[in-house]
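Two complexes are shown next, each including chain A; its partner changes from chain B in the first to chain C in the second.
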Partner chain A sequence: MNKFWCLLFLAVPVLGVAAFAWAPGAGYWLPRDISDHGWQIDHLFYFVLTLTGAVFVATELALFWFAWKYDGRTNMQPVRFTHGSHDVEVLWTLAPAATLVFIAIYQMNAWADVKMRQPDVPVLAEVTARQFEWRIRYPGADGRFDTLDDVHVVNDLHVPVDRDILITLKSQDVLHSFFLPNLRIKQDAVPGMKIPVWFRARDVGEFDLVCAELCGWGHYKMKGRLTVQSASAFQQWLAETAAAQEATQEPEVEESE
Partner chain B sequence: MSSPAVPHTHAGAAAAAPAMPVAKFLATYVFSRDHKVIGLQFLFSTLLWFIVGGLLALAVRWQLAFPWQGMPIVGRLLFSAEGNQISPEFYTMLFTMHATVMIFFVIIPILAGAFGNFLIPLMIGADDMAFPTLNMLSYWVMWPAFVLMTISFFVPGGASAAGWTGYPPLSVAHGAAPASQAGQTLWVLALVFVGISSMMGSVNYMTTIIQMRAPGMTMFRLPMTIWGMFITAVLQAFALPVLTAALFMQLLDRTVRTGFFIPEGLVINNEGVAAGGGQPLLWQHLFWFYSHPAVYIMILPAMGMVSDIISCFARKPLFGYKPMVYSICGIAGLGFIVWGHHMFMSGMNPALGAMFMVSTIMIALPSAVKTFNWLATLWGGKIQFTTPMLFAMSFVSMFIIGGLSGIFMAATPIDIFIHDTYFIVAHIHYVLFGGTAFGVFGGIYFWFPKMFGRMMNEFWGKVHFLLSFIFFNGTFFTMHLLGAGGFPRRLADPYHYATFRHLLGMNQFITYCALGMGAVQIIFAINLFYSIFRGPRCGRNPWHANSLEWLAPSPPGHGNFDVQPVVYRGPYEYSSPETTEDYYPQWQPPPAGQGEASHAQAQQHA
Partner chain C sequence: MCPSDAGERRRVALEGRRRRAATCCALLWLAAAAGCGGLSAPQFRLNMEDIIRETPDKDPDEFRITGREREQVRQGLLEEMRREKDPQKIEQLEANFGAALDAGTEEVLKLKRDKIKKLKILNTALVALFGTPDEPYVFPESGLDIKKIRLAAGPAQTVNSNVRRGLYRQHCVHCHGISGDGAGPTAVFLNPYPRDYRQGKFKFKSTEFAAKPTDADLLHTLTEGIPGTAMPSFKLLPLDEREALVEYVKYLSMRGEVELAMARYLFVDEEDLELSRSTLVEFLAESAESWSSAAEHVVRPQTQPAHVAATDPAEKARLLAESIERGRKLFAGEKAACVKCHGPTGLGDSEDKLYDDWNKDKDPEKFGAEAATWVLPRQQLRPRNLRLGIYRGGRRPLDLFRRIYTGIYGGPMPGAGPSPGREATLSEEEIWSVVDYIRSLPYEGQVAVPPPRQLTQRSRQSGSLP
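The block that comes next holds the complex of A and B.
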């Protein structure tokens, strides 16, 4: 029976690795990445996965093997009476310490790219989260916000492909989080703060905009859509939306009050 | 539980002396100042709440596997008005209260309150805590918390639904959430009482461990359990005031609109909110300044218990005792400068985020050292696969997974993607269920003989272990894959998004495993209660362990020890060449002529 328990502990690394080997092929994996910076995040994910995976397998195998070999029923050797070893402690303190410091330094650049090195471009849109929708405002033809020709849309964010996109993220009421899974972008929207968010999309298409911070009972349905399109299609959409808004100016103003 | 039993057993005596029983019963079992009774009171209260928290989790699982479908049986009782189905408001309340109950009513009080109370005086060789009355109060102050939290389920709007983290403005602005009514205020008040209880315990534990150790029991002869409890008490003492202050600020924001956490110009439900000038992020800083150390409050005692169990059943000294102690201290110290890792996406300055990233990654180091030392303790031993040992080994196995997955979210760029996804849910449950809860199960099986003078059933203990272990991994390992898919937490219906629709099947699998895991706890409950009354009686030291609690009678009477114990050595002298037995208790004097030094040391401390 003791060996059965050992095998149970062996099953942990075996099935753990098997699950991670099976999942990508079965469609349970990182969603498609269409951003310019996303590869850095995915690369770090794989890097940490490999590293932690190796430590996971090694330590779990050690647990299994020690349990198997030093099973009190079958191990006839006397117990190794030791309280520890200074050298070994130093080794397994310094080796992980070095690895951890390396991990810490290795990822700094990706973090700076996504959150600190803001591109020098005008703000494309202002996204204001509120319970339970995303209010989006483009500056319109004059390129300036807070003018009469600002273009308003709800839950429907359009951006041109292959451009540096800069967005200002705000919240009107509670916390929300602006999550674009396919662009590896996440940023909380905080009332009282204007937070810049930037990215660059490589592929055209329609993608989910998810609210990832609990914002109330309707949190689950705070769904937006991101449309990445060619520059010309984007301009055309913007012009059409502005024209449609012009035609229905009255109700639009009422609605936003 | 004991109230119906007592008049029964005392039936004969009661007839002879009718005046005595009620007052004496109250003093002995209810308002007892004996640390062992208080420990058991904590144990049974928290186990009851464990059931509540577990059922809340199963309801969450039901919705994620079968969204908007009528719940069988329970649904008809609870929400027949909504067609037996969970409403989004109710779902939000479910996960909020699951986490609140599990963290504040189960894990923290079961470790410090139940095991801390029961074990500290016994393991250091004291007759009781330093402040027995304060100790009694620390239990009874939990009751206002229990009552307030229970009431909150029944007030209009229901219990708190702002997440266990209670982030403002959602938790503060009344218009923002239906449950931001009395439910949230009661939540705040209940947590204040939990905090007072923890603080009373913390002061008592620190004083007791420093002042009341038996002669010869130096700090470096303390079992790891006591070190875990000691450092936990220190963490509580330094971190709790911050949480309490934050809770009072939230209370004032809610009741008299002080606006500590409310910025200017908030518009909720098309209505302006008057207060202003505050900052939502302030709450997050204060909350996590407590709640990150709380993660260690919720695991260090379990780490200590597991160290003791592993050394005992490997029949071998704990490998690297001092490095183990130092790494607990290291975790506690670093634990105070990593809280910002919960706020990488919060809008906090990204440069500050980078600083917190470095400290957070470094906190993995002491955890790694502990893991290596546990493994090295097994190496070269003679392992006995008892139920407590199986739970302790599974603690190590599961803590490896929970510790390693933490590195993903410590790495800020990866956290951008996995923050607020099921990857985090998997991580926290590997640490707190696979880690702490398994450690607690191990602790119950291990110290049960001391608590009740009887043994638990080994066979059913192992069945309980096996099934819990399988269902636990089926439930939570899979969640890593959900997280890799970006599957967000706290959504009542994630399948609303095309990105997550394909994850429904996996969620159903998880729910079946979770239901199985809940069901097999019945085995544990039956074993526990059956063994209290019918388990085979045991002697003082059924496991042949070394630490002082095994010197006391099982169960120990008032005052614990027959005579004042004297300590001659550390608690891990298993298979020592100095003796023919494979254990060498701390209280056993060395044979005449040998060990003069340690004997002299013992005298000196006396």
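The block that comes next holds the complex of A and C.
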């Protein structure tokens, strides 16, 4: 094979590694993790990335080496055909299978934390996805849903910091996906199902809430905001929103944002 | 001639119907071609549906030359001859047939040419007053802010990264349409249809029945969305962008209202429109005034429900329960007559066929084959199911009060408060009670199951159940 093409094949692993080395510093990497459990997800991500990265580089280098060494124009040896090696086939079947079994067992704790070990706290809010917005409901002062004092907001999820947050996820129409990138939470919303979602946020601030399931033509605009705030600020916000919802007179000063 | 006559007439009639079916599309093309140039830059299209509906004959063919005018006149003359009993006169008519045909055709064509010319004038006037979707323009007399409108208008792509433009086409156009006609490409899939701004009728607002919404009202709709419809919330757009969109909605609405006023003047009053600044401003003034004075018509309740003022929790609960009970009686009673549409259980399941204003005229039986060409077929209105706890115009008691007090403009919901020439049907105190009752409905502790009537009827038909 032409030397030029060999070097081009060599450029694939070189540029691939270079891109991954460059991306984090340039800001193209995982969003800031503010969750308690997120490190496990990130750890699994890095683990799988390293593993697949190493295999990727090794196979690409082998490809380059074979192409370079057995150049058809310089290699005058006649071609030899073989029906393969039973031992090698056993090896390359067992090695990936063992690796996959290992990953399946290795990730069990992370899976359980995110999907099985539901915290024993009351539901903070019910999030209903619909084309193309997030309708959010808090139980209000009496702590119960489906009563007159439920607090209704749209696209504006507030949660207290450093607490176990439990949310019920619903969908009004089609499949959506409730995605909090900074909390490493992604859960499909399925019509007809009430799905619990939980997390614990460590930092206050405003973060993205986006839909991660192509749900129709307006999918791109299905964006909400997650506000993590101190428990007292959260309670105050909730009380103010609840009071505004009971208005029988126009508020004195129009709210401005 | 006589034996083939019936057949020929049937053929002509059939052709007429076919012609009608093709009319709407053709008219849109005509409208586009009338005043506009190429296809590259989008143009506002003339509101031909409403213009045709406003004209006395309601005949789309009045506005286009079909190539069949001569045949129409010929048929008319034949009909005249057929009706004539006097043989002498018939002879006379026959001798004159050629000349009469020429003269009649010329007259029909002249009328149509006049109408088409007027359409062009109408379009020119509108472009002069409002510009085009890419290059909007407003007279200072409109009271609109051109800076905001420019931010919302134009193509959605940002060519020059320093200039933000095209918000309307980015967020709204696929439902509300480039002309604000509520007939964008996604509109047909929605129930209810997106609002047609050109009518100047808005449902969810704080002002009196037929008054325009305030800027705050439109901003509220944009920010909170309209639950129960396809209108989503745009809460996360920066305030200046939402305000720009509000201004653009007003701009499209004003343009539509002026268009209809001018069309009435041209085709109903059959006047000529002079393309001078003063004339144009005259047409603009009425719509501009209704928008700028909207804030003066905000409905502010003078009283509050008694239980709101009470401080003792037990007293509060007792007063609320009393108010709900009073509301229940009013809801079912003759005076408020809520049950007529919303049903005795509040499920909104009355048997009446109800329509919004923009659907009322669209009776398919009245329009025949033409109805098949409508972009948005007629849509029936469902009275609100009050047990879902979904309130389109806002869930605050104040919002519900205003809905009941003013009624819903554009829809069949009447107001219970006073309006020009009509006494109030309910006092403020009574309205507050109905509000309390309605707010209690979703939580009444009963499961809102629709009556199984339909199911059993269908089962009986199929005979599978007793």
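In this text, the second predicted complex is superposed on the first by the 239 of 257 C-alpha atoms of A that agree within 3 Å, B and C clash if a C-alpha of one lies under 4 Å from a C-alpha of the other, contacts with A are read in each partner's own complex, and residues count from 1 in each chain.
In this text, a contact is a pair of C-beta atoms (placed from the backbone, for glycine too) under 8 Å apart; a residue touches a chain by one contact, two chains touch by 3 or more.
Computed from a prediction, not measured in an experiment: that's the story for all the values here.
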Discussion item. A:Thr248 in the overlay: touching chain B, chain C, both, or neither? Say first, second, both or neither.
Written reply: second
Item to complete: Once the structures are superposed on A, label A:Asp173 by its partner contacts, choosing first (chain B), second (chain C), both or neither.
Response: first
Discussion item. By the touch definition at the top of the document, which applies to A:Leu148: first (chain B), second (chain C), both, or neither?
Written reply: second
Item to complete: Based on the superposed arrangement, let me know which partner A:Gly25 touches: chain B (first), chain C (second), both, or neither?
Response: neither
Worksheet item: Looking at the overlay, what does A:Pro122 touch: chain B (first), chain C (second), both, or neither?
Response: neither
Discussion item. Tell me which partner touches more residues of chain A in the superposed arrangement, chain B or chain C.
Written reply: B
Item to complete: State whether A:Val48 touches chain B only (first), chain C only (second), both chains, or neither.
Response: first
Practice prompt. Examine A:Gln131 and indicate which partner it touches, taking first as chain B and second as chain C; both and neither are also allowed.
Written response: both
Worksheet item: Taking the superposition as given, does A:Lys223 touch the first partner, chain B, the second, chain C, both, or neither?
Response: both
Worksheet entry | Overlap of the chain B and chain C footprints on chain A, listed as residue numbers | 131, 217-218, 221, 223, 257
Response to the item:
Contacts from chain C onto chain A in the complex sit at residues 171, 174, 186, 206, 216, 224-225, 227, 230, 232-236, 239, 298, 300-301, 304-305, 308, 395-398, 401, 432, 439-440, 442-443
Fill in: chain A - residues contacting chain C, complex
131-133, 135, 146-148, 152, 154-156, 217-218, 221-225, 244-250, 254, 256-257
Discussion item. So in the complex, the part of chain B that touches chain A is made up of which residues?
Written reply: 87-89, 92, 161-163, 167-170, 173, 176-178, 263-270, 279-281, 314-323, 345-347, 350-351, 353-354, 357-358, 361-362, 364-365, 368-369, 371-373, 375-376, 378-385, 390, 393-394, 396-397, 400-401, 404-405, 407-408, 411-414, 416-417, 419-421, 466, 469, 473, 477-478, 480-482, 484-486, 488, 490-494, 496-499, 502-503, 506, 572, 574-577, 582
Worksheet, complete the sentence: chain A contacts chain B in the complex at 1-2, 5, 8-9, 12, 15-16, 19-20, 23, 27-31, 40-41, 44-45, 48-49, 51-52, 55-56, 59-60, 62-63, 66-67, 70-72, 75, 77-85, 88-89, 92-93, 96-97, 100-101, 103-104, 107-108, 110-112, 114-116, 130-131, 172-175, 177, 179, 181-182, 184-193, 195, 207-208, 210, 212-221, 223, 257
